[in-house]
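Below is one structure, written out as structure tokens; the observations come after it.
Chains here go by letter, A, B, C and D, matching the order in which they are written, and residues are numbered from 1 within each.
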Amino acid sequence: PEKLTAFQARIDAGEKIEPKDWMPAGYRKTLIRQIGQHAHSEIVGQLPEGNWITRAPTLERKAILLAKVQDEAGHGLYLYCAAETLGVSRDELTEMLLDGRMKYSSIFNYPTLTWADMGAVGWLVDGAAIMNQVPLQRTSFGPYSRAMIRICKEESFHQRQGYDIMMKMAQGTPAQKKMAQDALNRFWYPSLMMFGPSDKDSVHSEQSMAWKIKMNTNDELRQKFVDQTVPQAEYLGLTVPDPDLTWNEETGHYDFTQPDWSEFFDVLKGNGPCNRERLAARNKAWDDGKWVRDGLLAHAEKKAARRMAAE
Amino acid sequence: MTRDEAFFEFLCRMGDNTLVLGHRVSEWCGHAPVLEEDIALANTALDLIGQTQMWLGLAAEIEGDGRSADDLAMLRDAWDFRNVLLAEQPNGDFGQTMMRQYLFDQYHLLMLQALAGSSDERVAGIAAKSVKEVAYHVERSRDTVVGLGDGTSESHRRMQAALDLLYPYVGEMFESDAVDAAMEEAGIAPDPASLRDAYDAALTQTMAEATLTLPDSRFAHSGGRTGFRHTEHLGHMLTQMQWLQRAYPGATW
Amino acid sequence: MTRDEAFFEFLCRMGDNTLVLGHRVSEWCGHAPVLEEDIALANTALDLIGQTQMWLGLAAEIEGDGRSADDLAMLRDAWDFRNVLLAEQPNGDFGQTMMRQYLFDQYHLLMLQALAGSSDERVAGIAAKSVKEVAYHVERSRDTVVGLGDGTSESHRRMQAALDLLYPYVGEMFESDAVDAAMEEAGIAPDPASLRDAYDAALTQTMAEATLTLPDSRFAHSGGRTGFRHTEHLGHMLTQMQWLQRAYPGATW
Amino acid sequence: PEKLTAFQARIDAGEKIEPKDWMPAGYRKTLIRQIGQHAHSEIVGQLPEGNWITRAPTLERKAILLAKVQDEAGHGLYLYCAAETLGVSRDELTEMLLDGRMKYSSIFNYPTLTWADMGAVGWLVDGAAIMNQVPLQRTSFGPYSRAMIRICKEESFHQRQGYDIMMKMAQGTPAQKKMAQDALNRFWYPSLMMFGPSDKDSVHSEQSMAWKIKMNTNDELRQKFVDQTVPQAEYLGLTVPDPDLTWNEETGHYDFTQPDWSEFFDVLKGNGPCNRERLAARNKAWDDGKWVRDGLLAHAEKKAARRMAAE
């Protein structure tokens, strides 16, 4: 309890906790879950965009998309490294992803159906992710905070690229504009869900906020996202698929319709449009890759043995 | 065939190789055996697509018909593609992909090294820029071929199968025809056949380290770099690659 | 929504189901487990494509915009397709293909039997012609599901996996919306929901014979027959299906 | 020797040999090889055309192509049945195909690269096949003769459909015409190879002709094919890729360039453009299908056992 008080005092004072420092078991556990899920989200998040790499409309767009997906894999790598400092290996985390014990962001269980979805994912999904992540740059755990700083920089670049795609589509041919609107229609509510259910319904929130693992409430961030995104949609000439969306002069915020939370829980349970495909793809990559990992490991051991023998 | 027609052909051969192989490599995105490989494969694809923009951009300029690099990539049918057959072969397993990559990278490096001294400074410039990237590609693909060849018995078996499968596509990279003769005469590019000895030496060394056996037969498939007869794989690739440009002609993306 | 708009939607739903499923089945050509199955699958695909010509032909006629059945098949993008998600699911192994076929055929038969009594004689005519073919399809797919379900432990395992995988796509076939309400009111087509009991009875019987267990959950994916949200599979299918018409617009074949 | 004389006398008299009749071992062996190869060719022949079923340009063309490939599978079935009357099972024949002990027509080792190839395959490949097969309707072995009669009827229908595709292409847009010419360029010499090397180089021919297993020499049939096909190409406005092709007034035949027989032997050895893919596709179908064949067999046995138990 004394240790606990001292720990909380350090956090309150804005100090960073480092891997070798003492930390409560719950802090460690919550962080592993959160960082792990975040890492998994980057990995699974390669798939919906990877789905359009082979169909990118120009060489330039193909290069940009490739670079983006590469960045996501890189983010996964930073985050797994951050999690590893807490005493869990990347392979353990991977296996928990693959057998369903750990989750990834539900947004990646939605399909990408047109090129405009590459815009919508960048603009809305990365936009919501950044909204979640920017405050986490100030999170109390040092390695996580540093990973978030790197990641946020790249993510905001991705978001601008996504918005740029939407702009091209919205200003393009009637078919392109229709594609852009269709993408917004499909991604609007799933993006709002990315902030999680209302804090009223969230049990862990209070402790996480005290530990500075969570910096804002879900509802605060969702509101901020809506307030930021609606004018951007207007600028694009697109219609947010919410007939009840209105500017509230009094609060200085938009009033908006909550997403269908039963859909959210369905997706979480595994009934999203692509849960099965996403997990199957990752499992296949892992299973098919076993001989490669084994082969490279065996070679490294042989090489080391030869070096030893030569010494 | 005028000199510029030959030059255009030559540039399409360079650019279609990188375009088609880059596309194949990009198919791995999100599906590699380990995260570092996802990153490395995406990086290789990215380099190859970047090189495509330069080669096909110059090809379009030489052609002077108002086409762009994107037009060449997205609006030609299979018969107008000039990539070697090796580049369009399917990914197969990771070993097959890396074997294909090494067999190509090793040729690619030698070709770009020679092109860096091209009499055409645009060609020399593209080659100088590309050669650094490709030196890294070959380092990686070579290490992987060696590592998996000299790994477990399973990985060895798969790599030998990949080599047996793909070796018949090696010879085409060193074929010479009238286009190559015209390029050599103009000092723009070397005769590909002149690169074969250095290639064979490197290959022999690599396969020895990888404990893999080069096939006896030098039989070589051909028909890609002339466009006479691609494999059935290319057409299927183009249905994906060109889909949006074909479906929405004239749109800006 | 006018009556004809609803009618057009309804006809696209019928025709897109047969088009998309017919395409999937045709992917097997030359790759079936036994020669008789190659023949049978080609035959099923052929029937479905023939039915597509009739449904989409009538859809084009009702639309009255000068489009043909081929225009509808070859020149719409994914979002304009109205097939149920079940039809666009990938083939998987032979068991998955036959399970998908049975789950669809059983619905298809009930729907066509009802449509044979349509107030629109063109619809009744198409249904009367199709129902004979589909009665044979369901007989075959049912026998195969039973045979493989009640076969070896391996085939049983695979068929149960196929059922678990595909059952969440069953519910969509029995959804009702404004289009269906308009069709029912006009006496053109039944409310799909009204077919569910007969379907469930048949399914229960078949799965019992096949020694397979129907999943507890009636959770149903949707978004295909409204076009709101297809799966990622459809777009990839269209890159192939529509390739030639997209690449060579206006040509006659 | 007496039996042999009587057998030859029956053949010379134009009688049909039936499965239960006595026949020389060599006759049986040669027939098994020939009918088996022919059956295998129908099966493997599904693949090059199957390659375009999913890309057929119209619903009508897709239906026609499907029906054609279905017919080929049907021909395979007739021929395997004919071979089975000689005491070899379909599964045995299939395994000999899959492990390379038996061959199929080399023409199917060439790729189909454009839609015009569907025309060229029908026009040239089926055309050459018919040229080979029409005389075989009069072959001495009854089941083979009857199979050929059915097959020839359907094949000539296919050939007309192929020519119809070529006609549409040749009269179409410049790109379509170019496609048609390109297909002719690629399929001309491989089609000439379908009749086999010159009879001068063929060892088995004489005995086979005496047994009426082979009815004409390879060179006769090849000449007949050229004489028939050249005017068809002219009618289409296409150019046969043989600069030395000329009408010879004296012989009343076309003089033409022989195909590159070294390519023929390369393909035969396994080095054709698609040998590997074709055999791999058939092997995969067979291997992947094992559980299906086993499952259906097990079910049939269970059913039979239940019927027995109920009796």
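We take it that contacts are C-beta pairs under 8 Å (C-beta built on N, C-alpha and C of every residue); 3 or more make two chains touch, one makes a residue touch a chain.
The UniProt protein names, listed by chain, are B, C = Phenylacetic acid degradation protein.
The structure presented is a predicted model; accordingly, all values stated were derived computationally and were not measured.
The set of chains in contact with chain A as well as chain B comprises C. Relative to chain B, the most remote chain by averaged C-alpha coordinates is C. The centroid of the Cα atoms in chain B and the matching centroid in chain C are 42 Å apart.
Centre-to-centre separation of chain A and chain D, using mean CA positions: 57 Å.
Averaged Cα coordinates give chain A a centre that lies 36 Å from the centre of chain C. Among the residues of chain B, those touching two or more other chains are numbered 77, 239-240, 243. Annotation for chain D: residues touching 2 or more other chains are 55, 175. Contact topology of the protein chains: irregular, matching none of line, ring, star or complete. The complete set of chain-chain contacts reads A-B, A-C, B-C, B-D, C-D. Per the touch definition, chain B reaches chain D in the complex via residues 77-79, 165, 168, 219, 221, 223, 228-232, 234-235, 239. Taken in their complex, chain A has these residues touching chain C: 51, 55, 110-114, 175, 182, 185-186, 266, 271, 273-274, 276-277.
Against chain D, in their complex, chain C makes its touches with residues 19, 23, 26-27, 29-39, 42-43, 45-46, 49-50, 52-53, 56, 69-70, 73-74, 93-95, 144, 146-148, 150-152, 154-156, 158, 240-241, 243-245, 248, 250-253.
Within the complex formed with chain C, the chain D residues making contact are 43, 46-47, 50, 53-63, 66-67, 69-70, 73-74, 76-77, 80, 90, 115, 165, 168-169, 172-173, 175-176, 281, 284-286, 288-300, 302.
Considering their complex, residues 77, 236, 238-240, 242-243, 246-247, 249 of chain B touch chain C.
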